[in-house]
Amino acid sequence: MRKLGAAILGATGAVGQRFIQLLDNHPWFRVREVIGSHRSAGKTYAEAAHWILNDNPPAAVAGLAVKALDDPINSPLIFSALPKEAAMTRELELADAGHVVCSNASANRMLPDVPLLLPEVNAEHIGLVDVQRRQRGWTSGALIANSNCTVMPVVMALKPLLKYGLRRLHLVSEQALSGAGYPGVASMDMIDNIIPFVPGDEQKMEIESRKMLGYFDGEVIQTLDMVVSATCTRVPVLDGHLVNISVELDEGPALSSIVDDWRTWQAADPIPRLPSAPEYPLQYLEHIDRPQPRRDRDAGRGMMTSIGRLRACPILGYKFAALSHNTVRGAAGCSIMNAELLATQGYIEGFQVAEAARVT
Amino acid sequence: MRKLGAAILGATGAVGQRFIQLLDNHPWFRVREVIGSHRSAGKTYAEAAHWILNDNPPAAVAGLAVKALDDPINSPLIFSALPKEAAMTRELELADAGHVVCSNASANRMLPDVPLLLPEVNAEHIGLVDVQRRQRGWTSGALIANSNCTVMPVVMALKPLLKYGLRRLHLVSEQALSGAGYPGVASMDMIDNIIPFVPGDEQKMEIESRKMLGYFDGEVIQTLDMVVSATCTRVPVLDGHLVNISVELDEGPALSSIVDDWRTWQAADPIPRLPSAPEYPLQYLEHIDRPQPRRDRDAGRGMMTSIGRLRACPILGYKFAALSHNTVRGAAGCSIMNAELLATQGYIEGFQVAEAARVT
Amino acid sequence: MRKLGAAILGATGAVGQRFIQLLDNHPWFRVREVIGSHRSAGKTYAEAAHWILNDNPPAAVAGLAVKALDDPINSPLIFSALPKEAAMTRELELADAGHVVCSNASANRMLPDVPLLLPEVNAEHIGLVDVQRRQRGWTSGALIANSNCTVMPVVMALKPLLKYGLRRLHLVSEQALSGAGYPGVASMDMIDNIIPFVPGDEQKMEIESRKMLGYFDGEVIQTLDMVVSATCTRVPVLDGHLVNISVELDEGPALSSIVDDWRTWQAADPIPRLPSAPEYPLQYLEHIDRPQPRRDRDAGRGMMTSIGRLRACPILGYKFAALSHNTVRGAAGCSIMNAELLATQGYIEGFQVAEAARVT
Amino acid sequence: MRKLGAAILGATGAVGQRFIQLLDNHPWFRVREVIGSHRSAGKTYAEAAHWILNDNPPAAVAGLAVKALDDPINSPLIFSALPKEAAMTRELELADAGHVVCSNASANRMLPDVPLLLPEVNAEHIGLVDVQRRQRGWTSGALIANSNCTVMPVVMALKPLLKYGLRRLHLVSEQALSGAGYPGVASMDMIDNIIPFVPGDEQKMEIESRKMLGYFDGEVIQTLDMVVSATCTRVPVLDGHLVNISVELDEGPALSSIVDDWRTWQAADPIPRLPSAPEYPLQYLEHIDRPQPRRDRDAGRGMMTSIGRLRACPILGYKFAALSHNTVRGAAGCSIMNAELLATQGYIEGFQVAEAARVT
C-alpha cells in the first residue's frame, strides 16, 4: 500500500510539530510538504523550526524545504495548524482547490457545513462533507475541523451519558501550557502561579460542546439543547487538560452504571481499528487522586480520555474529572484520526485503504 | 502597654512557623513559649525547627527552649497549630485550665459551642465563648477555631452577598502546597502535574461555610440553609488558595452592585483597626486574568481576599474567582486576628488593650 | 528461549518501580518475585506500591504478592533497589546463597571485590566476579553494583577521552528529583527554588568515578589517578541529571576530535547488541542550548548520554555538559544491562542466552 | 529635603518595573518621568505596562503619561533599563545633555571611562566620572553602569578575599528567569527542565568581574589579572542567581578566616548608611543546604549577598556558593544605590543630601 502524501500548514509551531511527530511512521500517511511563515520559507525544516518536543525532528522531515503559505501544494491531504486569522480564508481556498483539509484551527469550526469531527463521538457528522461538496460545488475537496482542546475530554466523557439526557453542564478546567502554543505563556507568569483565565476558551466550551454532541439531520447539525457554564484556568503543566465536570441528567443512573458505561464504551467499526484509535477511548481510574495530567495524559499513546472521581454533586447530581492530552487527542492526533476515518469512508479521492491495513 | 505572652502549639510545623513569623514585632502579643513534639523538646527552637519560610526564625524565638506537648504552659494566650489528633483533647484541656486557645486545627471546629470565628464575617459568633464558659464551667478559658483555609476566601467573598440570599454554591478550588503542611506533597507529585483531590477538604468546605455564615441566636449557631458542592484540587503553587465560585442568589443584583458591595465592605468597629486587619478586607481586581496566587496573595500583608472575573453563570447566575493567602488569612493570621478581637472584647482575663493602641 | 526469573528487592520504591517498568516485556528476564517492607508483605504489588511513574504497574506484576525482605527467594537473578542500610548485609547473604545480585544500592559499591559495572565503560571489571567467587567461596552467587546516578553521565562522557590522559576534573551537577527517591524532596522546597547541596553525592562522585575508570589488573581495580572536585545541586526537574564538566587532559586534542570520539564511540561486542543497550551510547548535540533534561533524557530509551557545549575552559582546558536519565541509565536500566552482560558471559548459572536472541 | 526627580528609561519592562517598585517611597528620589516604546507613548503607565511584579504599580506612577524614547527629559537623574541596542547611543546623548545616567544596560559597560560601579566593591571607581567629564566635555552629565546580574554575587563575595590574591576563578551559575526579562523564557522551556546556556552571560562574567575588581589609577581601570572560566545555566526560579564558585588564592587562609572576613566586611562610610544599603552586605549561612534562591534572595531587602557551603576544592583550593537577588542587587537596586553614592559625593548638580538624611 502506497502512503498518501500530506502537507502540514503551520508546520513549525507547537501543534505543527506534534503533527509531524505523530505522522512519523504513520501506516497510511506520509508528510511530504511543510508550510510555514514567509520567514521560514526556503529553509530546511530543521533550520526553520525551533523544535520544542523531545529529541529532534524526525529525519524524514528535517530535510524538507519549508514552503510559504501561498505556495502551491501538491498533497491531496492537508493538516492545518494555522493561527486563526491565517486559517480563515486559506483553508477554504485549499478545500476549494480539491484538497481534503483536516484543521485544528478555530477559524472555521462553527461554519454550519463544517463538521467538528471526533470519531468516537459523532462519526455521522462526516455526512456534512457531502453537504459541503454539494453546496460549495467542491468535488474532491473538504474541510473538517476538530474542536478546541479543552472541549475534547468533556464530550468524550459525556458521549456515553447522552442516553440519560444531558441537561446542564458546569465545567472548570485546569489547562496545560502547550494549549497556548509556543512561546505562549511566559515562565515568569507560571512558576508558583496559576492564571484564572484562558482567552476565548470559555465561549468555545459552551458552543462547541453543543455542536459536537448535536444531531445531524442530513442537512445541518441540530445542536444539543444543554446549558453549559465554563470557567477556564491555566496551570503550570506541560500537556494534559483536566476538566472538573458537574452534570445534570434527565435520568438518575447509579454511579456504578456510569462507570460501566465508560469502561465498555466503543464506537462502531471501523473506528476502534483506525491506526490512531485506542481500542477503548475511555478509562475510569479507581484511585481517588486520578486522573493526573502527567501520569495519565499519555494513556493510549495520548488518545485515551481518563476519568476519575465520579461522585454525587449536591447541585447538579453528578460530578467527576476528565483528562485528555491536549495536543494529541485534543489537537493533532484527533485531526489525524479524522483523516483516517475520511480515508476509510472513501472521502479522499484516489486513496484506497487496503483491507488488510484497515484490519490490523 | 505590656505585651501578652503567647504559646504556640505545634510550633515547628508549617503553620506554627507562620504564627511565629507573624507574631514577630506584634504590638500586643509576644511569643514566650514554643511547644513541639517529644523529639524536639529540650532543643532550642532554632535547632528543632527546619525553618521553611524565608530567611531564618526571628531572633526572639530562635533561642527559646522547645517544650513537650504535656509540659505546663504559662502563657494566658495559646495559638494551636497542632495536628488533628493531638488537638482533639489537648486544646480542651488547656481551655479548661484557663487558657484562651485560638486554634487552627480542624479537630474541634464543629463542636456546637466552638465558634468558627472570622472577624469580618461573623464577629458576633464570639458570643459562643460565653455559652462555652457557662456550659463547661470555664472562667478564663476559651476555645476559638478558625476555619479550613480554603473556606476562608469563599466566606469572605460571600459575606457582602448574604443580603441577596445565598441559595446554592458550586466551588472548585486550586489549592497551594503549604495547605498540606511540611513536607506535605512530594515534589515528584507536583512538578508538571496537578492532583484533582485534597483529602477531607471538600467536606469541610460544604460544612464549615454554612456554619460560618450562620446565625448565632444567643445559644447556638443556626447554620445557613445553603446547598454547597465542592471540588478541591492541588496545584504547584506555594501559597494562596484560589476558588472558582458559582453562586445562586435569591435576588438578582447587577454585577456592578456586587463589585461595589465588595469594594466598600467593612466590618464594624473595632475590627478594621485590629493590628492584623486590613482596612478593607476585600479587593476587586479589574484585570481579566486576576486574581493570581503569586501576585495577589500578599495583598494587605496576606490578610486581604482578592476577587476577580465576576460574570454571569448560565446555570447558577453568578460566577467569580476568589483568593486568599492560605497560611496567613487562611490559618495563622486569622487566629491572631481572632485573638486580637477577643482582647478588645475583654475575653482575655487580665489583659487590657490600651485605647491608644487600639486606635492606631 | 525461556525467560529467567528475577526478583526485585525494594520493589515498591522509586527505583524498584523503574526496574519493574523496564523489565516489562524484557526479552530475557521476567519479574517473578517482588520484595518490599514488612508493612507491604502479603499485599499484592498493586495494593502495596504507590505507583509514581506514568500509567499503572504492568499487569504481570500488579497481582504478585509482595514478600518480606527475609523471606526466601527463588529467582536466580536479583535486582536490588534497597536503601543503603538494608542492602549492606542482605545483598551479601543473597549472593552467598547463590544468587546473582545486581545492585543499585550504594552500600557495597566500594568493596574491593565488587565491580562498579557500566558495560560501555569497564566491561572488563566483570572479572572481579571471579575474584569474588574465589575469595568468598561463592559458586553461582555474585554481587555487581552500578554507580551513583550522577557519576554515570560523567564516566560515560569521559571514557572516550581516557586515551588523552585524564588529569583533573571539576564537576557541578544539576540533579533531578527522582534521584532522591519518593517522597524525597518536599514540593515546598522545590517550587521556585534550587538546593545547592545533595547529601553524600559529592563524595561519591569523587570516589566512584576513579574506581569506574580504573584498571582491573586481574585481582583488584587500580583506581584512576585523577583529581576530582564535585559540587552537587538539586533542581526542580523530574528526571535527568545534568553535569557541567571541566576537564584537564594530558594531551591537547582539537575540539572537533573530541566530538568525533564521542559520536563514533562504541563498546566491544556483544555490548551494543545487549537488549537494553543503545547502538551508540553517546550523542553530541549541536544546538547551543542542549542537552536539556526534559528533552534529552529519553534518548535511546533513557540509555544514551547526551553531551553538548564543548568549548575551551580557560582554567582546565575543556568544558562541556553531559546528561543521563538518572533512574534509567543511572540506576535500574544500568543494573539490567549489567545483568544482560553477565548472562552473555556465562556468569548466570543455568541460563543460556540463545545466539539468535543475542544477535537481534 | 526636596526629592530629586528621576526618569526611568525602559520603564515598562521587567527591570523598569523593579526600578519603579524600589523607588516608591525612596527618601531622596522620586519617579517623575517614565519612558517607554513608541507603542506605549501617550498612554498612562498603568495602561502601558503589563505589571508582572506582585500587586499593582505604585499609585504615584500609575497615572504618569509614558513618554517616547526621543522625547525631551527634564529629570536630572535617569535610570536606564533600556535594551542593549537602544541604550548604546541614547545613554551617551542624555549624559551629554547634562543628565546623570545610571544604567543597567550592558551596551556601554566596557567603555574605558564608564565605571562598573558597585559601592561596596569599588566605590573609588566613581573617579572615572571626573575622567569622563574631562574627556567628553561634560559638565553635569555622567554615565555610570552596573554590572551583569550574575557577576554581582561573585564580586561581592570575592571583594573581602582580594587581600589574599585572586588567581583563578571557576564559576557555574544557576540563574533565575527574571534575568531574561519579560516575556523572556517560555514556560514550555522551563517546566521540568533547565537550559545549560544563557546567551552572552559567560563572556560578561569573565570580563566584567575583572574590571569591577580592578584598580583605578586616576585615569583608567587596571583590570584584575585573574583567570575566569564561567558556565551559565538557566533554572526554573523566579528571582535570585546562585553561583557555584571555585577560587584559587595566592595565600592559604583558613576556612574560618574567610567566613569571618565575609561576616565582618563593610564598605567605608557613607556606603553602609546609604538608603538602599544593608548594614552588612554579606551574610554567611551555616546550614549546609543554603543559600537557596527563594529563601535567601530577599535578605536585606534584596540587597544582601548570601554565601554558604565554603569548603576545600581539590583543584582550586576553595569552593562555595553565593546568591544575590538579580533584579534588586543585581540590577535596579544597584543602580539606585549607585545614584545614592553619586548624590553623597556631589556628582548630581544642584542636589544636596541633607546631613540628617544621610545619617538615618
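Residue numbering begins at 1 within each chain, and the chains themselves are lettered A, B, C and D in the order written.
Just so we're on the same page, a contact is a pair of C-beta atoms (placed from the backbone, for glycine too) under 8 Å apart; a residue touches a chain by one contact, two chains touch by 3 or more.
No experiment lies behind these values; they were computed from the predicted model shown.
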Report which of B-C and A-C is connected by more C-beta pairs in contact. B-C
Quick one: which chain's Cα centre is the longest way from chain C's? B
When the centre of a chain is set as the mean of its C-alpha atoms, what distance in Å lies between chain B and chain C? 48
What is the distance, in whole Å, between the centres of chain A and chain B, each centre taken as the mean of its C-alpha atoms? 44
If you average the Cα atoms of chain A and of chain C to get two centres, how far apart are those centres in Å? 40
Tell me, which residues of chain B touch at least two other chains? 189, 191-192, 236-238, 294-295
Spell out the part of chain A that touches chain B in their complex, as residue ranges. 168, 170, 172, 174, 189, 191-197, 206, 227-229, 231, 233, 235-238, 242, 244, 246, 288-295, 308-309, 313-316, 319, 321
Would you mind writing out the residues of chain C in touch with chain A in their complex? 53-55, 191-192, 294-296, 298-299
Complex contacts: residues of chain D adjacent to chain A: 14, 52, 177-178, 182-192, 236-238
